[in-house]
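By letter and in written order, the chains are A, B and C; residue numbering begins at 1 in each of them.
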Amino acid sequence: MVTTDVSTPVPTAPRVSAARVGAVLEYFFTYSFRTREALTLLGVIWLTAVTEPVLYLLAMGLGVGSLIDSTIPVDSHQLSYIQFVAPAMLAVSCMSGAISASIFSFYTRHRHLGMFTMISTAAVSPAEVVVADWLWEIIRVTMLSAIFVAVMVVAGVVGVGNALVAFVATILVIAAFAAVGIGLSTLLRGWQDFDIITVAQTVLFLFSGTFFPIQQYPEWLQVIVQLSPLYQSIALLRALTIGDFGMALVVPIGYLLLMVVAGLLFSVRRLGRDLGR
Amino acid sequence: MDTEFGPPLDDMAVLGRDLTKRFGEFTAVDAINIDVYSGECFGLLGPNGAGKSSTMRMLSCISQPTSGALTVLGTDPRREAARIRGRLGIVHQENNLDLDIKVVENLTTYARYFGFSRSECRRRAAEMLEFAQLEQKAVSKAGELSGGMQRRLAIARALVNSPEMVFLDEPTTGLDPQMRHVVWQRLLELKQRRTTLVVTTHYMEEAEQLCDRIVIMDHGHIVAEGTPQMLIKENVSQEVVELWFSETPTEETAAPLKGISEQFDVLADRIVLYVANGEEAAKEVHRRGLTPERLTIRRSTLEDVFLRLTGRTLAE
Amino acid sequence: MANPTITVLERHMLLYQRLWRASAFSLFILPVLFLTSIGLGVGGYIHQVDGHDYLQWITPGLIASTAFQTGANESTYGVLSEFEWVGGIKAMRSTPVRIQDMIRGWLIYVLIATELAVAAFLIVIWLAGALTPGLAISAPFVCGAVSLAIATPTTAFSAAINDQDWFLVLARFVILPATLFSGVLFPISQLPAFIQPLSYLSPLTHAVELMRDFAFGTATPMTVALHFAYLLAWIVAGWFLANITYRRRLTD
């Protein structure tokens, strides 16, 4: 037992050591692969991960796309419907992957399994727990986005070069949503609040220029939609998949970086308070 | 109605022959015979994993025996399990409460399963709240109760249908000593009303206080049965000498004891010696040059029977 | 004497009462969101489908799809948690309530939850001034049937597993393809010929066709009977499976 003299100020600067973050990551890793069954199930889930983009592209491209005879204008480009909708579906998949990974799994592990309380008594700071968890979610969800991008290439929706650039951008999108998601999950009071998250995700999904250009909306609504993080992610991925590398990309990239920083700082503060540090 | 054993015997609440329960390859209960008489309190004792809960689930018509013959309250559970359960009260090892609804709602919903009218359910729920001394908490969420209160609620819930026979799987585990006595008091009241009780427990005191007859199980087998007094008399001598050592005693340490008594157990912190006369044995121990830190002499208890028969202490 | 099925239902309704406020909001808001974004938004690029405006054309299908989703979603965590975490079902098992009573009471609860969602959807359409008598009368029946058609096998599945990650597999292999390829967003005829028969395996496809036939007045007794018979087959098969998996889990 270490006794702390409460009169001496405890250092408050978040300290983050790569070694300790690595150790926590390793713990998450071994925990996930703890049993044979867990491993088998994980394998099956990876297998099904491929089906999701294939289904979406089939339904949107072949199905809805075939009802639309015109092309969709994006900046100076004229896109087929599938070209228009595929990068948006990719962004949505990154968002929901990162949100469900961070919110649902962070919540279960923190509140129900008490995992973070346990880790943080082992001389690991809240900042290190948050960073480790954030990296862990990024690793898991990035594997999904890689599969999605690969399917897009195979389907001929995007060229290999642009696909690689877009894949790198998905890491940023996932990082942004994961950071914010961890912060949000520290605010949840119980399972009943998950409904709010689901509805919020649906609103973003339907109204962020996913299925049709936001020029369809009245002027004032367009402004609001542009504030949506999903809209910014879609704008970034759509531009990159059609090879539109310009200064205009500064806005979405800046927006997403801001989400990363704000999300992480907020999470560290909240978790620190939760764990009584 | 006739059963496999012929016409029902009025004084037999449970009649089980060669009862076996397998989970896959693993045999949790291995061909045991169990008789429970009407109006008695019957105890099932045994270490963790002995098969007590599995046996309770079969006797209370919840799980089906893999093989063997069983009659409960004069009826065959393979045909009439639901009907029999209507006459039973069952307290599982876990509480199985609905933690998100109110305490009184836990009682009323459960009472409804027995087919009582709504007003009758409310009446019975109020009665049970009093029984469990939870009137103050009636409208709290069950999840807000302390562990001991939840246990009392689970016990009260099982009695809401005025059962003829009650199964209680470790009813007082997790209760503080005072609450444990309150529950024992309640169970003794039930017994006085000629309700048949089947109890599992890890507390010897509980078994000695409540049970008329006891069965000790280990690894799915019955290793002994009888009244508590009989079990003590048959399995261990009258008195027990305990020799406490600061270092873990070994067989070597115990070697000089051979002549004093053939019956002894070497545990982590002490050696337990079963003898007819404690005083004499103690003298003999010193004469043989053993120097335990401390030496105690007491009358033997069920705890010692358990230790003799299973090689384990009860409280593990 | 209270019917055991009803007493089981009473417990589920009691538990639901704590949640309804939260879910009532999403019951009304989700139809509005779907109709405006998909119907109006995407519809802006689509002239007509089978001689109807896109919004008009997808509305009946969206209602059926909502019922399908409700039936599936209610029967996942709701069932698994009863076995794994809540213990309510083990309590029921200690009473005269039989396994078939438990399943029946549960399914009636799912049916009620579905009809509430359908009612909310119909109210939204009515407020928009687009509710036709054909739609209003047929929706509760068709939607109830398709909800049970997916709820019964899903309940059986949920009672057979012990890791919630299996729901991810269910969502991706069954629920998502059924939602996307059952003719809700576009006619099945747009799909490649080899996929079309697969679409007809999905109960949702039959419910969507029923809803459209009733909404547009193209229903014939023959097709209605066939579609309903198919949905009934799912319900009956799922019911038997659920009885098997519940029994296996509860008689141990």
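The definition used in the following text is that contacts are C-beta pairs under 8 Å (C-beta built on N, C-alpha and C of every residue); 3 or more make two chains touch, one makes a residue touch a chain.
What you see is a predicted model; the values in this text were computed from it and never measured.
Ranking all chains by how far their C-alpha centres lie from the centre of subunit C, first place goes to B. Closest to the protein's overall CA centre, chain by chain, comes C. If each chain is reduced to the centroid of its CA atoms, subunit B and subunit C end up 47 Å from each other. Taking each chain's centre as the average of its CA atoms, subunit A and subunit C sit 29 Å apart.
Rounded to whole angstrom, the centroid-to-centroid distance between subunit A and subunit B, based on C-alpha atoms, equals 53 Å. Residues of subunit A in contact with two or more other chains: none. Interface residues of subunit C facing subunit A in the complex, by the touch rule stated above, are 19, 22-23, 25-26, 29-30, 33-34, 37-38, 40-42, 44-47, 49, 54, 163, 165-166, 168-169, 172-173, 176-177, 180-181, 185-186, 190-192.
Listing the residues of subunit B that touch subunit C in their complex gives 23, 60, 62-64, 82-83, 85-86, 88, 90, 92, 94-101, 105, 109-110, 112-117, 157-158, 161. Residues of subunit C that touch subunit B in their complex: 1-2, 4, 7-8, 10-11, 14-15, 18, 86-88, 90-98, 250-252. In the complex of the two chains, the subunit A residues touching subunit C come out as 37-38, 41-42, 44-45, 48-49, 51-52, 55-56, 58-59, 62-64, 66-70, 72, 81, 192, 195-196, 198-199, 202-203, 206-207, 211-212, 216.
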